[in-house]
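What follows is chain A paired twice: with chain B in the first complex and chain C in the second.
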Partner chain A sequence: MKAKPSFRRRHRQEIQAYAYLWPALLMLGALMLYPLAQVVRMSFYEVSLQREIWVGLGNYAQLLSTALFWQTLWQTLLFTAGSVALHLAIGLALALLLHARINVRFRDFMRGLLIIPWLFAPTVAGMIWVLMLAPFGVANGFLASIGLLSPEATINWLGSPETSLLSVTAMNVWRAFPFFMVMLLAGLQAIPEELYEAADIDGATGLGKFWYITLPGLRGVIATIVLLDSIWTFRAFDPVYVMTGGGPMNSSEVLATAIYFDAFQKLKFGYASAEAVVMFLILFVVSAVYVRRAVREIG
Partner chain B sequence: MNMSMMKLVRKWAPSALALATMSSTAAFGATEVKWSQWKTTEVGAKFMEEFKAAFEKDNPDITLTLVDSPFTGFHDKAIVLYQAKKLPDVLLIQVDWVAEFADLGMLEPLDAWIAKEPNSFIDNIPPTFHQKWRGKQYYLPIESGAVAMFYNTDIFKAAGISGPPKTWDEYDAVAKKVTNPEKKIFATTATLAVEPPTNATYDIYPLILQAGGTIIDDKTNRAAFNSPAGVKAIERYVNLVNTAKIAVPGVLSNGEKEKRANFGSGNVAMMFEGPWGIAIQKQLNPNLKYDIAPLPAGVTTGTMVRGSLNTVTTQAADKEAAWKFVRWMSGPKGIEMWSKGTGGFPARSDVANQAWFKEKTLFSAFTQSMALPNARSPFLGMPNAVQMNKIMTTEVQNVVQGKKNAKQALDDAAVEWDKILAAAK
Partner chain C sequence: MRARRRAAHAAIYAILIVVTLIMLFPVAWMLTVSVRPNVEVMKIPPDWIPAVFTLDAYVKVLSSGRYLRTFANTYFVALAVTLLSLFIGAMAAYALARFRFRGQRVVLMFLITTQMFPLVLLCIPYFRMVVKIGLYDTLISLIVVYVTFTLPFCVLMLRSYFAQIPKDMEEAAMVDGCSRVGAIVRTLLPMSYPALIGAGLYTFLLAWNEFLFAVVLIEAWDKRVITMAVYSLLAEFVTEWSMMMAFSVLASAPLVIAFIFLQRYMVRGMTAGAITS
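Entry: the complex of A and B
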């Protein structure tokens, strides 16, 4: 009887893979796991830069009983849902337009032009929008020119609690829709043309083709980019910090900025760590969905 | 290798080795002092290089390295650097940050060094900047000044106004007269943005003093601004913004940047600003015609005294060298050069009394303001002035938005302030 190959021989490929992976994993561990462990540890202490006092779940209890935390969480969810929904709607609409039978050169030109917002760093985009949304900025000027606003009136986009979060969301949508557009366009180009031809023969309408062929064909791409964008938007810091600082009256505060201000202005590092842990847990759940999906697809 | 080459190598190798092991940033044999500040952006790199050269000429054993960061975020960055154990040797700070940074362990007390100086050194620094925190002196000023009123003389002339308002009533009348929204001309930029939370210095605290109120009660160390005088001050401010509409729209999002830009562009007739505003306006619009007057008086005068302060950090590599720079810069020669080069108000009376400065008529309003009753700098005794300013700003925002009346807002602010003041004891 032939001898059973050794463990090493049987798992040579896996061992080889891990051999290549471990330096990167070590780096990831140092850069991710260590800071994460520190934040989790600090969340159980009242921390100033000079002392730490054990409070157990005290920071979490305080957090969950603070109205401002729930307001901030709600605003973060609104900001995320609004941004992602509009990213998808605008990205899909433009992807469908670019996928239509149009001149190739024109399509390539428009694709290049429409991707420009994505090239701006969030901070730079935020500064541009601050100027655009200023009381005498381009936005109000445009509205006045088309008669929607009287010349001497202004809308206080960033300085009004009713419109501050909306304004930040608008900037975020403008900056990031190109990502959706590019990904969905690639997804559209992967749907076999024969399906549309067969639908034409069967007399399907445009809406019918979109609902029964296009959307199902894009389901995988949509699910992936929606999940990724939700994670990125949920933890966004730059747009709010640059444009409104979370104001006025905390009306545009999101979790990321709240954590920052609680740490570096209120000097409540333990409390801020507890906020960060809550944010991490929410994102972890969302990420787990994405990872499970990805693993299933690879499997 | 032949013999002559070997002799050459033997001769120069030790020097080459010594050079190679030296710090790349320090001059040969010199100690490096890193000075972290935000002034280069405001006053220009050219002057900063001249200033550095002047210091190094007087102190050839020290190389001064300028580390410039924008003012926005400077406070937060300093805390991060402290956590990372990478604080510079000398840190420029605002009056609001003294108590906070000292309590965090970032600042080295200067008392021992100051004690070795002649009396004339500290006696010529304005008394406001002798304020200690927990019995220790942590800073020396490089520039100072009270908040005064810049006014656009062209706008005043066009409106037929002969001079700056001296009282609240005169201010209200002038403000209503110059405001013309159709021409996008407004009396002022009301600044209630929460970031950075320094706006209360210009818009809110002076009004409370002018109304006869106090910010913090020295005896009880509790908030005292929620008095009838404080309420009257806030009600007047909100009335001017909401009812008379004399301010540029966007009150809740306007800050120092917008205030200065609006004034520089000629859209605003009046601006509450410190003497550092002169250099800033020179950069924004050197052709702007304006003058400066003390703030209008309510039942009394009142203004905030602010300043930029140098500190030696606890993480300084060479604290003696760092002190040498701080001492030089806050001494007569450093202050004179800094004031002449930046247009800043001298933080020493021996320099302010020099003939060249007395000739600068623009500064006379600041000199007058500093001498008036109620020229205060409560920040030096506020344990977390950044947070306390933010609380005050947010509460006044609530009043502007109609969510609270002035009394409710000030009472709520006082409760939060008292918690912070009590925790710092």
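Entry: the complex of A and C
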């Protein structure tokens, strides 16, 4: 009778694999899972630097009944939707232009130039835009020079509740559109030429080709990058913090900055933790869609 | 018909050039402001071309030990983070690419999910942990923290690249007497340099541009990084705009230069950030 192979032999693949995996898993477990557990725990307490008091769901109840929370959530959604939509529009337009039958050197050169905004730190980009949008800045100067603004009246882009969120969104659109442009260009290049040639033989118009070949061909890429960008923008902190700090009277507050201020300015760690958990849950639901698709693709 | 196509072509070139000029305007503005005296910056209406040209702002930045220190700090942190991420990430990527084992799917899902974490959530427990351990206000805490969110990306990107390289390479080396590690170092890694450079550059970029954790975990000026330094130039009453722009130019220049020479790899890293397969 053959002896059963040793534990070592049966689980050879596992042992080898985890021998290589353990540093990464240890780091991520200690620095992601453990802190997450801590935050969840803290959300049930009223936490200050000296003591902790159990409040059960008190923080959550307070959170959901505070108008400011819902306003912040709404603004975060506006910021995200606006950014992603414009990223897609600009990225797609530029990708289509770059995909045209133009000199390859020219295309690579232009693509390179157009990626530059993406290289800037959100903080640095924010500072440049603060300068441009200042009352004395170029934005107002330009509007005045084309007659849309009288020289005495200046728009306080970042200091008025009506325009603060819009201004931050504009900066974010400028900084991150290259990602969409590059991804969509790669997606366009992956669509087989033959499809267009066949359509030409059948006498298809430019618009028809775009609608029935290009867009469907880009569907996968668009779904992926829209999902990713939505997640990244929803959790964004730097642009809002450095440009408006939440804006005059919380008009440009987003969830990330609200959590930061509640924790580190108002020192309401428990309340901020509850806020963070809610934000995490929202993101988790959205990202679950992406995760499932991604894992299925990898197989 | 020919003529119409040629006109369309010319139009595309023209549109691309105009759009690029528009998109690069903020960058150009940053440059022109950095070479003006500060008083000129706040003139109404603004001068499109600087009336007075001066490198004063740059001199101020480069002769300030405080600001130069932030450059050194940022280089150090970004480099350390990149090396650590690539090393730990390559190990994990190898395991996921070469072995079939129980828990593989879970690990993969875990890695992809961690890329979606709201980082703000982590800064609360990190702050408490770091203070308790006594690592508050140290660059080490920054390095460790940054690696947590650059690591998943490195693992996933390297994994998909490794998976495309046939196993036979390492197996041949092992038959010849190499240990597995030796085989990896001698066959797999040299062949993976595009992915390693791409992941490395992207990681470096992330670490260089990070702001939130730098603000939460660092206090003292001699430990600050450039993103914090740039923001701190936004003063309450009179901001030194030309100095801030000069600093921004110097802070962004390394990345832009690296990009010019290594564009291909950076783009690869960028696209791999989305498509993990």
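Quick note on the criterion: the second predicted complex is superposed on the first by the 279 of 299 C-alpha atoms of A that agree within 3 Å, B and C clash if a C-alpha of one lies under 4 Å from a C-alpha of the other, contacts with A are read in each partner's own complex, and residues count from 1 in each chain.
Definition applied: a residue touches a chain if its C-beta (ideal position, glycine included) is under 8 Å from a C-beta of that chain, and two chains touch if they have at least 3 such contacts.
None of these values were measured; they are calculated from a predicted model.
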Original post:
Since both structures carry chain A, what do chain B and chain C do when superposed there: clash or fit?
Top reply: clash
Subject >> Contacts of A:Ala81 with chain B and chain C, given as first, second, both or neither >> reply: neither
Original post:
Any idea whether chain B or chain C touches more of chain A?
Top reply: C
Original post:
In the superposed arrangement, does A:Gln50 touch chain B (first), chain C (second), both or neither?
Top reply: first
Original post:
Which partner does A:Leu149 contact after superposing on A: first (chain B), second (chain C), both, neither?
Top reply: neither
**OP:** Report for A:Gly245: first if it touches chain B alone, second if chain C alone, otherwise both or neither.
**Re:** first
**OP:** Have a look at where A:Phe264 lands relative to chain B and chain C in the superposition and call it first, second, both or neither.
**Re:** both
Original post:
Looking at the overlay, does A:Val226 come into contact with chain B only (first), chain C only (second), both, or neither?
Top reply: neither
Original post:
When the two structures are overlaid on chain A, which partner does A:Leu158 contact: first (chain B), second (chain C), both, or neither?
Top reply: first
Original post:
In the superposed arrangement, which partner chain does A:Phe136 touch: chain B (first), chain C (second), both, or neither?
Top reply: both
Subject >> Candidates 92-100, 236-244 or 254-262 of chain C: the single one with C-alpha clashes against chain B >> reply: 236-244
Subject >> Intersection of chain A interface sets (partners chain B, chain C) >> reply: 134, 136, 151, 154, 241, 260, 264
Subject >> chain A residues within the chain C interface of the complex >> reply: 13-14, 16-21, 23-25, 27-28, 31-32, 34-36, 38-39, 42, 94, 97-98, 100-102, 106, 108, 110, 112-125, 127-132, 134, 136-138, 141, 144-145, 151, 154, 174, 179, 182-183, 186, 224-225, 228, 231, 234-235, 237-238, 241-242, 255-256, 259-260, 263-264, 269, 272-273, 276-277, 279-280, 283-284, 286-287, 290-291, 294-295, 297-299
**OP:** Name, in rising order, each residue of chain C that touches chain A in their complex.
**Re:** 9, 12-13, 15-17, 19-20, 23-24, 26-27, 29-30, 33, 41-46, 88-89, 91-92, 94-96, 99-105, 107-114, 116-129, 144-145, 147-148, 151-152, 155, 160, 180, 205, 208-212, 216, 226-227, 230-231, 233-234, 241, 244-245, 248, 251-252, 255-256, 259-260, 263, 266-267, 270-271, 273-277
Original post:
Okay, in this complex, where on chain A does chain B touch?
Top reply: 48-50, 134-136, 151-152, 154, 156, 158-161, 164, 241, 244-250, 260, 264-267
**OP:** Sort out for me which residues of chain B touch chain A in the complex.
**Re:** 75-76, 79-80, 82-83, 100, 104-105, 181-182, 184, 192-195, 197, 248-254, 258, 267, 384, 386-387, 390, 394, 397-398, 401, 403
